[in-house]
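After this come two complexes, each holding chain A, first together with chain B and then together with chain C.
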Partner chain A sequence: MRFLMNLQSIDRRIVYILLVIAVWIPLRWNVIGIDPKVSKEVKSAYDTIENVEDGKIAIISVLWGAGTLAENRPQTEAIARHLFQKGVPFAILPWDLQGTTLAEQAVERIAEEMGKKEGVDWISLGYRPAYIDQIIMSMAVDFQGTFSTDRNGIPLSKIPMTKNIKSVKDIGVVMETTPSNTIPAWIQFLGQKYDVPILYGPTAVMVPEGYNYLDTGQIKGMLPGMMGAAQYEVLLEHRGFGRRAADALSAAHLLIILLIIVGNIGFFMARTRRADM
Partner chain B sequence: MDWIVELITNHETALTLWLGALCTLGIFSLLYKENPYYRLCEHVFIGLSMGQGVFLTWDNVLYPKWWLPMVEKGQWWWAFGVIGGLMFYFIFSKKNVWIQRLIFGMILGLGAGAAFLAFANMYFPMIEGSFKPIIPNVWSLRAADPGVGISTAINNFIFITVLITVMSYFFFSIDHKAKSIKVSAGLGRWFLMFAFGAMFGSTVMARMALFIGRFDFMYSDWAPIVPLWFWIVLALVLAGIVIYFWMKPKPPKKLQEAVEPAPEPVGPEAVTESTEI
Partner chain C sequence: MFGFVYNLSFIAIVPKQGTSLWIFIIGSLIIGVLFLFLLTRVPNRYRKTLIIGVTFLAGWFYFLEFMIPGNREAAPIRTQLKAAEQDLRKVDQDLSAVIIGANNRSVRITAAQRHIDFALEDLRKAQSLIESLKKPTEERYQAELKKSDSFAEKHKLDDKLSGRGEDGKIQNLQTKTLAKTIDGLSSAAGRTDNAIRLLQDVRANIAGASDKQIPELRGAVLSAITQTSFAQIEISDNFLTPYKVPISDILQVIGAFTVGIGLYSLGSIHGKSIAKRRPGWYNSFAFFAALVLMTLFAFFKEYLPANTDGRIISESIYKILFSGGLAALQATMFSLVAFYIVSAAYRAFRIKSSEAALMMMAAFFVMIGVVTFGMWLTNGLSGSLTSLRLENIQSWIMEVPNTAAQRGMMFGIGVGGLAMALRLWLSLERGSFFDKQL
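Let's turn to the complex of A and B:
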């Protein structure tokens, strides 16, 4: 009885150790090995990129940093990989100090792996302080004037990929990867106004809010957190971090559900004991 | 100094991994207890972010966008940017505080103008999207396209019920004593609780994903380069710390109360104490 009562106050450090074990086993042995089922919103994001018109570029907006790297980086990588596969040139638009370096490194790695060249297949517009509204409004009418150079200081008019990109008419899709509530800016000043397809890569915390925009058609697709990236990797038939980590995430969730049940057993036992006394 | 540069260049990857791992361990050490190692890592992170911020802001924004045009291209009017920027600092002057109001007023005006557009593009599609058909015109259980199938009609009915009941919960102009509004608002409250539960579940998923990201770095990237002796030393140190805190004699109750101040009273006692002058 006492043992069962103690279940409601397990030392948090024991919980941490159990969590480490629960995460380590699937990462080490791939014991579950089930690919996540692709959801409608992820498939819709995939189809949007499949349908980008020739001659248009994509924009990957990067608003994440080291804090949400595990969720937003796999999303960024999955989208970049798809754009490379499809042959759609894209520009990284980083608004976060750490995200600038992290996203550029991630794309450099994939570009090297897939034999893609900076300036031809992708560019980085370099860090921009996050006055998102103003920059979106400005780039919609004058892309070259808003950014003028890439991260290396080369004028956009001299880069093969961007020399013909003048305004919003040349943008085929925008992917926003973010842990913050920044998607409204893209919807308000680009998606709704100029009918540019917007895709959303939020962290899991922000996912419930994203379904509102999805339901109204204000965004065309969404990659919900790390699981969204894992589902996208399934569509790309590529096994990256998202798919490897999906099993570990499931195991961690199972542990948490188990701990909730165990804690409640302890709670009811204690209450029964008090009622008997 | 050359040997240091050579050492760093030759072992760049290993050094990066070791620094990353040591900082990760330092930050995670908080899970056990507040300690100086955690504080050190926290301050290193803040300092690095600030330093990187200053560099990137100058290198990616101010130098190419402001300094170069002003100094090398003869666009002298960019100098007025400095005056605009300095105007913000008059917030610290009691006598000339009106100067900062000019620049703040300009920014507020710009923001308010953009807000009209933002509101219309954001919420009108949402209002439009909330008008959904609840009577099916295709008598099939599966979703029909085009047309409204039975399952879609049921979904839409649930959506509209939730929308109306939740809105009635936030309708404060009349007292919630009438049975109709009482039941509706009560239902709305339940639906809100479901939504909060879903959000909390997403938050747990996000936190787990972040942990898995860090754990994967430690396990897949760092652990393979770690020599065996390090694991033995680490295990001994960790065991030593745990044993130290385990065996450490706890201070007598009275002394403990003197060291740790008693928690602040809550409830009626707190009200009585705080109102006594």
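Let's turn to the complex of A and C:
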């Protein structure tokens, strides 16, 4: 009885160690290896990119930093990989100082792996300090006037993939990867007004809000957290960090559920005992 | 004159290396510091007025840009398109009634046909109006190009200064605006054409359509509504719209200034901490060391000549500092949240009431249904039991109850946000911002 009652007060250090083990073992040895099923919001995001018209570019908006790297980077990588595969040139539009370097490094790696060239298949527009709403409004009217140059200081009018990109009409899709509530800005000023398909890559905690916009058709698809990236990798038939980490996430979720059950067993035992006394 | 001033922005091409780069950096720094200094010299009694004025004007610009209708010449086109859209919405209502099995099917179909005819008529009128407006706009564009050319020649402006693009055309505010208007008219014509084709197809098939075909026809009508609606947006630019770009440039500069002010503020606090040897002063020292090292090596890796030892070493050190230091530290900080969440869930999630039990059930299905293990657990369920798979239950919770609750909250937040936005715009907020700090 006492043992069962003590289940509600396991030392937090033991809980931490259990979590480390639960995450580390699947990441290290890939012991489970189950692939996620592709949800309709992820499939819809995939189809949207498949249907980008020739001559248009994609934009990957990067608002994440090292803090949410585990969730947002696999999303960014999955979308970049798909765009490279499909031959849709894209521009990285970073709003976060750290995210600028992190996203550029990730795309550089994939570009090298797939033999893609900066300036032809992708560019980075360089860090933009805040004021997302205003910059989106401005780029919709005049893309080259708003950004002028890429990260290397080369005028957009001289870069092969952007020389003909004038305004919102030349943008085929926008992917927003973010841990913050910035998606309304893209919906209000680009998606709704100019009929540009918007895709959403939020962290898991932001996912519940995203379903509203999916339901209304204001976003065309969503990659919910790291599992969204893992599902996208399944569609791309590529095994990246998302799929490798999916098992670790399974183990962590199972551990939380088990701990809650165990804690409640202890709680009920203690309550029963108090009632008996 | 306006065009000439706007063209000055084209001069600001950032040099990549050499003396011109250093002159550019030092010059920008001096201008920035001077501007900040001037701001600090504004007497206290005028600061509130200054902030109110700037906030109000900035908000007023976007408000007016949103509210003022597009140019007057395009107004008849918008009226025709609006009329067509309204007729099409009536067609949608008629077809929806047929889909849900209304008794008067034939009456509804006849009404839909009539409204389609009205819409087609309006769209054709809009199309001819667009064509009649496009021609004079193109002539004005050509005249404006000539005027800009002679201005550039008269003042002996080179390509950069005159804003001449690779196509040889001068891209100042006026020429850009006219080019965009022509572009918008072309797009509107394209969209109107698409809507007409869709409707002609619906009109041809609606009379003999079976119940199964009606939803398809309704889909085509909805597409035509979208096309008509977007055609109106294509020609909705007003005289303020072109200024969105320079305003956005100004905002980006202000954003960059805030980074500078943040650095100044941090430097001031940590500098005092070191000077006075306050407890933990070595943390302040670490701040300065990190700031200087990151700045220096970021510059060196970018601007030292390529393939030199200095550049290669700088790149390596920067990588160590950024990936090995900054990114790793921040990722570690954030990952600590996971430990707290697990610990907190274990300690706090007790079934003490029926509401808590309901919440726990929802949490269970969402947590298990979203991960691969949960998907695998109920993989065997098929046929009529498919909806009981954990991932499907999770999906239903997220799409139905969650969306309903979220939407309710968003309405409330939206109303609150509107009130807050008005208070900010009109500087009605009170508290330390105006009462103490300034």
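Just so it is clear, the second predicted complex is superposed on the first by the 277 of 277 C-alpha atoms of A that agree within 3 Å, B and C clash if a C-alpha of one lies under 4 Å from a C-alpha of the other, contacts with A are read in each partner's own complex, and residues count from 1 in each chain.
Note that contacts are C-beta pairs under 8 Å (C-beta built on N, C-alpha and C of every residue); 3 or more make two chains touch, one makes a residue touch a chain.
None of these values were measured; they are calculated from a predicted model.
K.L.:
Based on the superposition on chain A, does the combination of chain B and chain C result in a clash or a fit?
P.N.:
clash
K.L.:
On the A-aligned overlay, A:241 touches which partner chain: chain B = first, chain C = second, or both, or neither?
P.N.:
first
K.L.:
With both complexes overlaid on chain A, does A:226 touch chain B (first), chain C (second), both or neither?
P.N.:
Once the two structures are laid over each other on A, A:226 reaches chain B alone.
K.L.:
Please work out whether A:17 is in contact with chain B alone, chain C alone, both, or neither, and reply first, second, both or neither.
P.N.:
neither
K.L.:
Quick one: is A:142 in contact with chain B, with chain C, with both, or with neither? Answer first, second, both or neither.
P.N.:
A:142: touches chain C, not chain B.
K.L.:
In the three-chain superposition, say which chain, chain B or chain C, touches more residues of chain A.
P.N.:
If we count touched residues of chain A for both partners, the winner is C.
K.L.:
Is A:267 contacted by the first partner chain B, the second partner chain C, both or neither?
P.N.:
second
K.L.:
In the overlay, answer first, second, both or neither for which of chain B and chain C A:253 touches.
P.N.:
In the superposed model, A:253 contacts both chain B and chain C.
K.L.:
Where does A:70 make contact in the superposed view: on chain B (first), on chain C (second), on both, or on neither?
P.N.:
After superposing on A, A:70 lies in contact with both chain B and chain C.
K.L.:
In the overlay, answer first, second, both or neither for which of chain B and chain C A:153 touches.
P.N.:
Both: A:153 reaches chain B and chain C.
K.L.:
Let me test your reading of the model: by the given contact rule, A:35 touches which partner, first (chain B), second (chain C), both or neither?
P.N.:
second
K.L.:
In the superposed view, which residues of chain A touch chain B and also chain C?
P.N.:
12, 16, 19, 67-70, 98, 101, 128-129, 134, 137, 149, 153, 193, 207-208, 212, 215, 227, 249, 252-253, 256.
K.L.:
In their complex, what parts of chain B are in touch with chain A?
P.N.:
Those in contact with chain A are residues 31-32, 49, 52-53, 56-57, 60-61, 64-65, 110, 114, 117-118, 121-122, 125-126, 128-129, 195, 198-199, 202-206, 208-216, 219-220.
K.L.:
In their shared complex, at which residues does chain A touch chain B?
P.N.:
12-13, 16, 19-20, 23-24, 27-28, 67-71, 73, 97-98, 100-101, 126-129, 133-134, 137, 148-149, 151, 153, 184-185, 187-189, 191-193, 203-208, 212, 215-218, 225-227, 241, 244-245, 248-249, 252-253, 256
K.L.:
Within the complex, which stretch of chain A touches chain C?
P.N.:
Within the complex, chain A touches chain C at residues 10, 12, 15-16, 19, 32, 34-37, 39-40, 65-70, 98, 101-102, 105, 128-131, 134-135, 137-139, 141-142, 145-146, 149, 152-153, 155, 157-158, 163, 166-167, 169, 193-195, 207-209, 211-212, 214-215, 224, 227, 230, 246-247, 249-257, 259-260, 262-264, 267.
K.L.:
Within the complex, which stretch of chain C touches chain A?
P.N.:
Interface residues on chain C, with respect to chain A: 13-14, 16, 62, 165-166, 176, 180, 183, 187, 226, 230, 233, 237, 241-242, 244-245, 247-249, 251-252, 254-256, 258-259, 322-323, 326-331, 333-335, 338-339, 341-343, 345-347, 349-351, 360, 364, 367-368, 370-376, 391, 395, 398-399, 402-403, 406-407, 410.
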